[in-house]
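Labels run A, B, C and D following the written order; every chain starts at residue 1.
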Amino acid sequence: MPLPDDLQREIDSLRGPGVPTRRATVPALEEVLYAPVPVLDHGFVRPIDYMGDDAAIVQAARVSYGKGTKKVREDRGLIRYLMRHRHTTPFEMCELKLHCKLPLFVARQWIRHRTASVNEYSGRYSVLDKEFYIPAAEDLGLQSASNRQGRGAAVSAKRAAEVLRLLREDAERSYAHYLSLLGAPEDAGPKPLKDGVPPVEGIARELARMNLNLSYYTQWYWKIDLHNLLHFLSLRLDAHAQKEIRLYAEAIAGLVKRWVPLTWEAFEDYRLGAVTLSRQELAAVREMLAGGTPDLDALGLGKREQEEFRARFERKREGAS
Amino acid sequence: MPLPDDLQREIDSLRGPGVPTRRATVPALEEVLYAPVPVLDHGFVRPIDYMGDDAAIVQAARVSYGKGTKKVREDRGLIRYLMRHRHTTPFEMCELKLHCKLPLFVARQWIRHRTASVNEYSGRYSVLDKEFYIPAAEDLGLQSASNRQGRGAAVSAKRAAEVLRLLREDAERSYAHYLSLLGAPEDAGPKPLKDGVPPVEGIARELARMNLNLSYYTQWYWKIDLHNLLHFLSLRLDAHAQKEIRLYAEAIAGLVKRWVPLTWEAFEDYRLGAVTLSRQELAAVREMLAGGTPDLDALGLGKREQEEFRARFERKREGAS
Amino acid sequence: MPLPDDLQREIDSLRGPGVPTRRATVPALEEVLYAPVPVLDHGFVRPIDYMGDDAAIVQAARVSYGKGTKKVREDRGLIRYLMRHRHTTPFEMCELKLHCKLPLFVARQWIRHRTASVNEYSGRYSVLDKEFYIPAAEDLGLQSASNRQGRGAAVSAKRAAEVLRLLREDAERSYAHYLSLLGAPEDAGPKPLKDGVPPVEGIARELARMNLNLSYYTQWYWKIDLHNLLHFLSLRLDAHAQKEIRLYAEAIAGLVKRWVPLTWEAFEDYRLGAVTLSRQELAAVREMLAGGTPDLDALGLGKREQEEFRARFERKREGAS
Amino acid sequence: MPLPDDLQREIDSLRGPGVPTRRATVPALEEVLYAPVPVLDHGFVRPIDYMGDDAAIVQAARVSYGKGTKKVREDRGLIRYLMRHRHTTPFEMCELKLHCKLPLFVARQWIRHRTASVNEYSGRYSVLDKEFYIPAAEDLGLQSASNRQGRGAAVSAKRAAEVLRLLREDAERSYAHYLSLLGAPEDAGPKPLKDGVPPVEGIARELARMNLNLSYYTQWYWKIDLHNLLHFLSLRLDAHAQKEIRLYAEAIAGLVKRWVPLTWEAFEDYRLGAVTLSRQELAAVREMLAGGTPDLDALGLGKREQEEFRARFERKREGAS
């Protein structure tokens, strides 16, 4: 994914030896600061700035507990305690700012996370670039029958070729007509208006953009605190998240791991790798541990809950017998 | 704008004589409850529920001021005082819930207002309806030269016809291919999958939807408190807001006026009809009132600021001489 | 707990037969609307207004899932599905407004829940009433040695008497001096300034109030959506919450149960009665189910985690053998 | 204001030469990083960390405007444009983290700003220090007659002495009894429990603290973005804010000026020094500029509004004649 020249120059100029700061600083994140992590065919996430580190979380927590934390001598233990007991406010003391390039349909899911700051490229002010997302053939899953919001096995190679051709043709035409609406001949470049008088009457950018489809890329600066970022990641790293946004979440997860490694470890143990048992499931596990065979119907578990429960616990048990 | 049968039936069933409640109730809003206010060619806003009224704002304010408000005997005066001094928290005590149908490009602007609750129709779960926005010919403004984010005079009738044809054709094709991607023949209706086996392999809805363009309608339930709603309205009723979202703001303004008439009046006087003078503009006005002619350059007003200042004050002055 | 006359009159006037509304209405909550639920010695929570019901949650969720929810025919199943999968936004569609009277030290914990609207009695505008919290003797717990933030067994009757006397005397003196600072003789009533000229120079209310201690009652209107209210309750109903705020949470829980019974049932099953197993605890349970004895040290569980794990699972197991 | 030894040591260790960073860095703020700015008799604000600078605001804005901002070449002009037009989101891209020590009655006003992150010292975990606020004699204002929430002229020297003695005695006694409730003899130091067995039964810290009055100091880490910080400052620097919190706002304003000088200048011109004219006031000014004498009663201005209007504009006019 080659970057536009001006962005590449900006990155090069910022990725110098640095200046001195007295702030909490994380060398492992400094190393990759400003550098884009590629996602999908044209997207990226770039860490632009950060505030705080694992120690900043501990520092804030110790203010709360005052002399009461004198005995907890090491940071790792305290961070794990905070994560486990959902004492979430100290994690708000860290911030991450990212520059993201992402398709519109991904942006529409992402923006639902409200506790974040966003500055997005505006199609009212500027002409959008001609960049759209085309999935890889192996990502063209069939509509899942069991999961109303998901995709299943990949379509056949022949069908994939048809689908990709159609997606590409529509995106290309969509953009050509966008330029045309702006008053430029269809083969013109993205800045057709700079000569002042367009060849034909161009309608306002704020109107013309509605002809673009949802595969087009937008970009934004996105800033969020670590607590809300972990919440975002817990939802978007989930197997039920749409694959396209999941890939962005994975790219961000890699940055978080560099930035706050102790927090990330605790997050994996107490959130990502954790499971929640309902009151009924807890009763069932206790009965199984006591040697019994719980009646999941009688306990009130629905059909899907029962399947999940068995997948999680029963096979392990059978495997042992 | 005929409504779908099921929505019309739902509305009819809810718009009965009502049941008794002890809550604060506003007959003028009850009258139009559930009924859609048409916006654009296929959109609407429908009031679904509300909490509080003008008196509820007063009630909350009086808790704050305690015995201190005994002397302010009438609600109107207190509401105007709150609005004028930006004591905003009592206005948070009222809530409005709307059902909105709106084009995607409008939804993308709207969703930037973060202090609200939203449930949007999901293209992962369901097939979108074939409904897209086509502007009226007179709304096809040229890109404004003076205002980078706006539109100017309408294009010629001939150009308008071309533009509308192109927008319509692309939206139609976009939808036909969307259905095709879902595994349906292009001329099929919107629910092609109900027979179980589609004629061709259908890719997942979450992927196919990216072929739709931004003129397609979505819908959501949107709930917001009155303080944040007034902030939304102050931005979206502004002359610089894109006309399409402004029309939604106007439809909502009509509902707010029914709901909390005293608040609406105060909002018009102290917000919508108010102007803010910068430190420099205030100095200039004072100088003018003293009979002088302020040097706007020397005061540091930029070129655009000077234009606006003159438009606001000087002509009136000249008119009087 | 007798209410002030003016509050009692207000309640009586509002608790009439009601007026008709087309909004979602919950008779079980209407029945207790405006009526105070007593908490502690002088506190209360009073339901003032509400928006939505169980059906409103379902209604919003169905907009999201569109045609995709046609098959989920009954509301209870959908609400349980939403609660279980933490699809939290539909629960934001309901609002509850409470009038609360509570000691300042409780208010300081409560206000940390930021996603809510508050109008609090202001000690700048009005003189506070002479009402302070004195715990019951049996609530005077010793500082817990095992739990740094909690209390243990009750102190002896003799010590309790000393403690209560001291708390009461300090609160009484605190208030007498508060009035004195306001310029009133110590035995004056709470409105010493109405004659215009106070007997001695009274300092500003905003200053005098700092002499009151944290046991004094304040009051506020508090409005919150159901999702954030359930989060508040899950934290404040917890055994580790301070008993005084827990009693308020219990009073509110009783109202929520009346208001949205299906949601409350799901909340009890999937949140209040649920447990979360960390990655390591999940591994341990699986090993136990397979007949093994997990090495909790080797799995990395801390001392406290091991204790909790054993309390939760092992005794049950032993009990069965 | 001498700092506790451990805090002084922490500050000294952090205020070294620094480490290299590639992040946006502000030397003028680095210079004072970690150093407390004294406020009131025992309070302070200390800048602990920051993210971004004036250029970061511009950077985020340029992403929004895209190629549309190419012509605005200089940062100052763009920042002023953003401030003037209330394009607030780019200001959210900067964060400031402060360590504050402040009296409880100030903390209760401060915490009402909800869009911020806070970790406060907890009286459940630890014993509070013996530090309380005593106003300077000249700050002991009489209750204002004209402004229900404010204070007027200072009381007499004799009365001031009485007031200060009373405030001090009550605060001293309050703390002595707090220690006594914790099970320590009244003359013990602040850590009476470290020997394990207290001389008398100590009740839980979470209960004992209610005996402290609102003049006691607490402390917290407080993190907020620049947009919300400016909103905080615009309210708390106002002449109607209580003087004690205003002094904190002034201390923070000094830090903001060092940190983002261009933003601060714009904030002074377009917010702090600006005035808002209501629809009616605007009409009145226009009439005056046209040589007329507006009838403020007929325009609907209330008594207080008329006073303010005259103070703002009429005297200036008369002065010139």
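Here, a residue touches a chain if its C-beta (ideal position, glycine included) is under 8 Å from a C-beta of that chain, and two chains touch if they have at least 3 such contacts.
Just so we're clear, the structure is a prediction, and the values are computed from it rather than from any experiment.
Peer 1: Could you run down the chains that neighbour subunit A and subunit B together?
Peer 2: C, D
Peer 1: Given that subunit A and subunit D are copies of one sequence and touch, is their interface built from the same residue numbers on both sides (over half shared) or different ones?
Peer 2: Counting shared over all numbers used gives more than one half: same.
Peer 1: Whole-Å distance, subunit A centre to subunit C centre, using C-alpha means?
Peer 2: That pair's centroid distance is 34 Å.
Peer 1: Hey, what residues on subunit A touch two or more of the other chains?
Peer 2: Each of 65, 68, 118, 122, 125, 148-149 in subunit A touches at least two other chains.
Peer 1: Okay, in this complex, where on subunit C does subunit B touch?
Peer 2: The contact residues of subunit C facing subunit B are 14-25, 30, 33-34, 48-52, 56, 59-61, 63-69, 89-90, 92-93, 95, 97, 99, 117-122, 125-127, 191, 219-221, 223, 225.
Peer 1: Can you check the complex and tell me which residues of subunit B touch subunit A?
Peer 2: Checking each residue of subunit B against subunit A gives 103-105, 108, 111-112, 114-115, 118, 122, 124-125, 133, 135, 139-144, 148-152, 155-156, 159, 163, 166-167, 170, 173-174, 177, 180-183, 193, 200-207, 209-215, 242.
Peer 1: Which subunit B residues qualify as touching subunit D in the complex?
Peer 2: By the definition above, subunit B touches subunit D via 65, 68, 77, 80, 84, 148-149, 268-270, 272-282, 285-286, 288-292, 300, 302, 305, 313, 316-317, 319-321.
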